[in-house]
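Here come two complexes built around chain A, the first alongside chain B, the second alongside chain C.
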Partner chain A sequence: MLYIARSRSIAARALDGEMVIMSTSDSMLFTLNEVATEIWLAADGRTPLSQIVQDKVCARFEVEPEAAYADAEDLCRRLAEHGILAISDRPIDSPR
Partner chain B sequence: MIPGRTVEIGGLPVLLRMEDRALQEAVEKWYAGYLTTTPSAEPFDLTVTVGLTGGGAADHQAHVEWRDGRWLFERFDFQAEWFPDSGRGWVRQEGAVHQPIDSVLRILHSILVASQGGCLMHAASAVRNGRAFAFTGVSGAGKTTLSRLAPPDVALLTDEISYIRSMDGIYRAFGTPFAGDLGIAGDNISAPLKALYLLAKGPENRIEPLSPKQAVNVVMRNILFFAKDPKLVEALFETACRMAACIPVYRLIFTPTPAVWETIGLACCT
Partner chain C sequence: MTDVASLTAAGARTSLLNRIGAKAEARGIPISVHLDLTWACNEGCVHCYLDHTAGGDMNTVEIKGALDQLAAAGTMFLTLSGGEIMLRKDIFEIVAYARSQLFDVRLKTNGILIGEGEADRFAELGVRAVNISIYSHLPEVHDAITRVPGSFHRSIEAVKRLKSRGRAVEIRVSVMRGGADYGRLRALAEELGAGILYDATIVPMIDGDRTPVLLNISPAERAAFYSDPAVLTGLEDVCASLAPADEELLNAHSCGAGHNGCYISPQGDVMPCVQFPLVCGSLRRSRFLEIWRSPQFAEVRGIRNRDLDVCGSCSSLSSCDRCPGLAFQDGNMRGASRQTCENTYSRTKAPTPLYPVATPDGA
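Showing the complex of A and B:
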């Protein structure tokens, strides 16, 4: 089981329903598309990623669940590399 | 009391205290259009000394760091400390020349204006008919070219670093002495910023509006900041979002001829 949580080391703003996120630690700027934005907003550290994909992606977009999960996990790992998302195999109480 | 000269840029005066006569003369010459004896506010205070060696860093890249309640700036030719709580600081620079203190002032203003909801931006800017326009883009995109092509009724604020401040809820662009390839200081005036253009050379002159998300990207990627300090980055991100919400941002595709200036201001101001 994988859990994700939004980092505290970011500044973020929703524009036209999509997130623009800046890492305050390395000043990198990210823009998320609609699907990535849904995942980002649901990243509370307590809801498993599989549940987020099911509720926020598969329920709203026409995608294969397995492919959607694989894409979501890939996205989360890339965002975690830049420190704007925390990722763990346990629930996350207080992300950095 | 060490004698000084007050240099006011963007409505933020900085008193440069210098005992070195040659440095005083260099400052008077370089900042001729920006010296004042009647500053618009209580000046910030910077004591500048000259030595044979000034720098604390080995390379040509300026290092800026927040540590223990003060900013530290250093490059191969200067070392400086800035204490924001007191509005005072000092600079030790190599040689009685304007280049080190000019870099220190760029860094200092990038910090001062960020705390006031503004920013320095990699952009040329100009005023026409009481309205300011800024032109940004990567190096070589055409900032200096566009500045050179400006018709006589255009006042150039800068061909390199635009100074943008929010005053009474309106973003204004100010002239700066921070020159680029053109090598001349901008006019010491300001005007409401009416549009920001992302420059791209092309076969014709036309403008394309950018989405809010694209606009934030353009603003944020071209804001000048030397320190990767989390609070500073957060403040500048907020500024970028506010600016993108208030000021129309366009892509300006242009051919390097004076006719491009007929396109500027059309969409936002007609």
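Showing the complex of A and C:
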């Protein structure tokens, strides 16, 4: 089971369907599209990624659950590399 | 995740920032806001454009209310400035509140009150960037400008403290009469691991008093400034275009002031920019979005290059960094400003509407 949590070391604002995110630690700037934004917003540290994908992706898009989960996990790991998302195999109480 | 989600890393950060700015402007969103928390200051810089005794600063509740409204309006990039922000007893409470609303926070400060504890606190709160004013690589020159003995050393220490905590620090240099050793300043910034930005335009006081303008560098110093390798940052600095204005340029506008950003004074007055003191409303009397959508802001937004009284037909329009605020302070927001014309002439060597000044005999 994989859990994800939004980092506290970011600035973020929704801008017309996309989420603009700035890392406050290295000034990297990102934009997330609508679906990535949904996943990021649902990253509360307690809801498993599999549940988030089911609720936020599969319920809204014509995608294979396994493929959607693989894509979501890849996205989350890339966000985690830049410190804007925390990933753990157990619930996350207080992300950095 | 190409089908359902993706992220865009800022390999071309400037390009992405420009895209975000353009999108915000198209949607009428004030994505960048400069909020002065006080005009009081603990330095007495000879060129300052603010009245340090103005008073009437918004209190903590009013500032938080303003931040609530800005977040709701879509503002992301928030610059907290002054005066000296560290003179506010509630500075950390304000920054913490701004960060809780996920603003990208940049501070402008002289840094002389930022010790180890203050630097720790700003880093913990997630302040991303800090701009600190340094006027010379020579302590005695800097201190003479700030009129505070020891200020150079204290500001430099603040740069080091913030850098050691991973904050992005940029040294801001206001260039004034007598110039500066730009190479030494750049070397100092590089030694500190900081960025550097020069500003060669000393502006009138925000109340219209033009006394500080006398401190602007001379034409010869300006020419030297615009040819100094330590100042030039890109090809556009030395290859200014004199291409005739096309339809796209004539339908464009000078800068983002009032389009995707604005300025808020410590007293709650909302203006297009700190250099464009057209008061469009007060947060003490109106909601932010009412002011942002006011006829005053609409008038500013409605001005296109083709509407400009003399700039619209200037051969340097395509390479000019026209500042509508300086034009406003010269008396006409649709006009030219002498300072901008002088800057552009120094780069392009092509005559501009207000510089060089024609002599009576036509020379």
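Brief remarks follow.
Everything that follows uses one rule, which is that the second predicted complex is superposed on the first by the 96 of 96 C-alpha atoms of A that agree within 3 Å, B and C clash if a C-alpha of one lies under 4 Å from a C-alpha of the other, contacts with A are read in each partner's own complex, and residues count from 1 in each chain.
We adopt the following convention: a contact is a pair of C-beta atoms (placed from the backbone, for glycine too) under 8 Å apart; a residue touches a chain by one contact, two chains touch by 3 or more.
Worth saying up front: this structure is predicted, and the values here are computed from it rather than measured.
In the superposed pair of complexes, A:55 makes contact with neither chain B nor chain C.
In the superposed pair of complexes, A:24 makes contact with chain B and with chain C alike. After overlaying the two complexes on the shared chain, residue contacts for A:9 are found with chain B and with chain C alike. Residue contacts after overlaying the shared chain place A:64 against neither chain B nor chain C. Once the two complexes are laid over each other on the shared chain, residue contacts for A:78 go to chain C alone; chain B is not touched.
Common to the chain B and chain C contact sets on chain A are residues 9, 11, 13, 15-16, 20, 22, 24-27, 29, 31. On the chain A side of its complex with chain B, the touching residues are 9, 11, 13, 15-16, 18, 20, 22, 24-27, 29, 31. Those residues of chain B lying in contact with chain A across their complex are 211-213, 216-217, 220-221, 225, 228, 230-231, 233-234, 237-238, 241, 244. Put simply, chain C touches chain A in their complex at residues 1, 3-10, 13, 16-17, 20, 23-24, 27, 29, 31, 71, 74-76, 99, 102-105, 126-129, 166, 168. Taken together, the chain A residues at the contact with chain C in this complex read 8-16, 20, 22-33, 35-36, 39, 57, 61, 63, 68, 71-72, 74-75, 78-79, 82.
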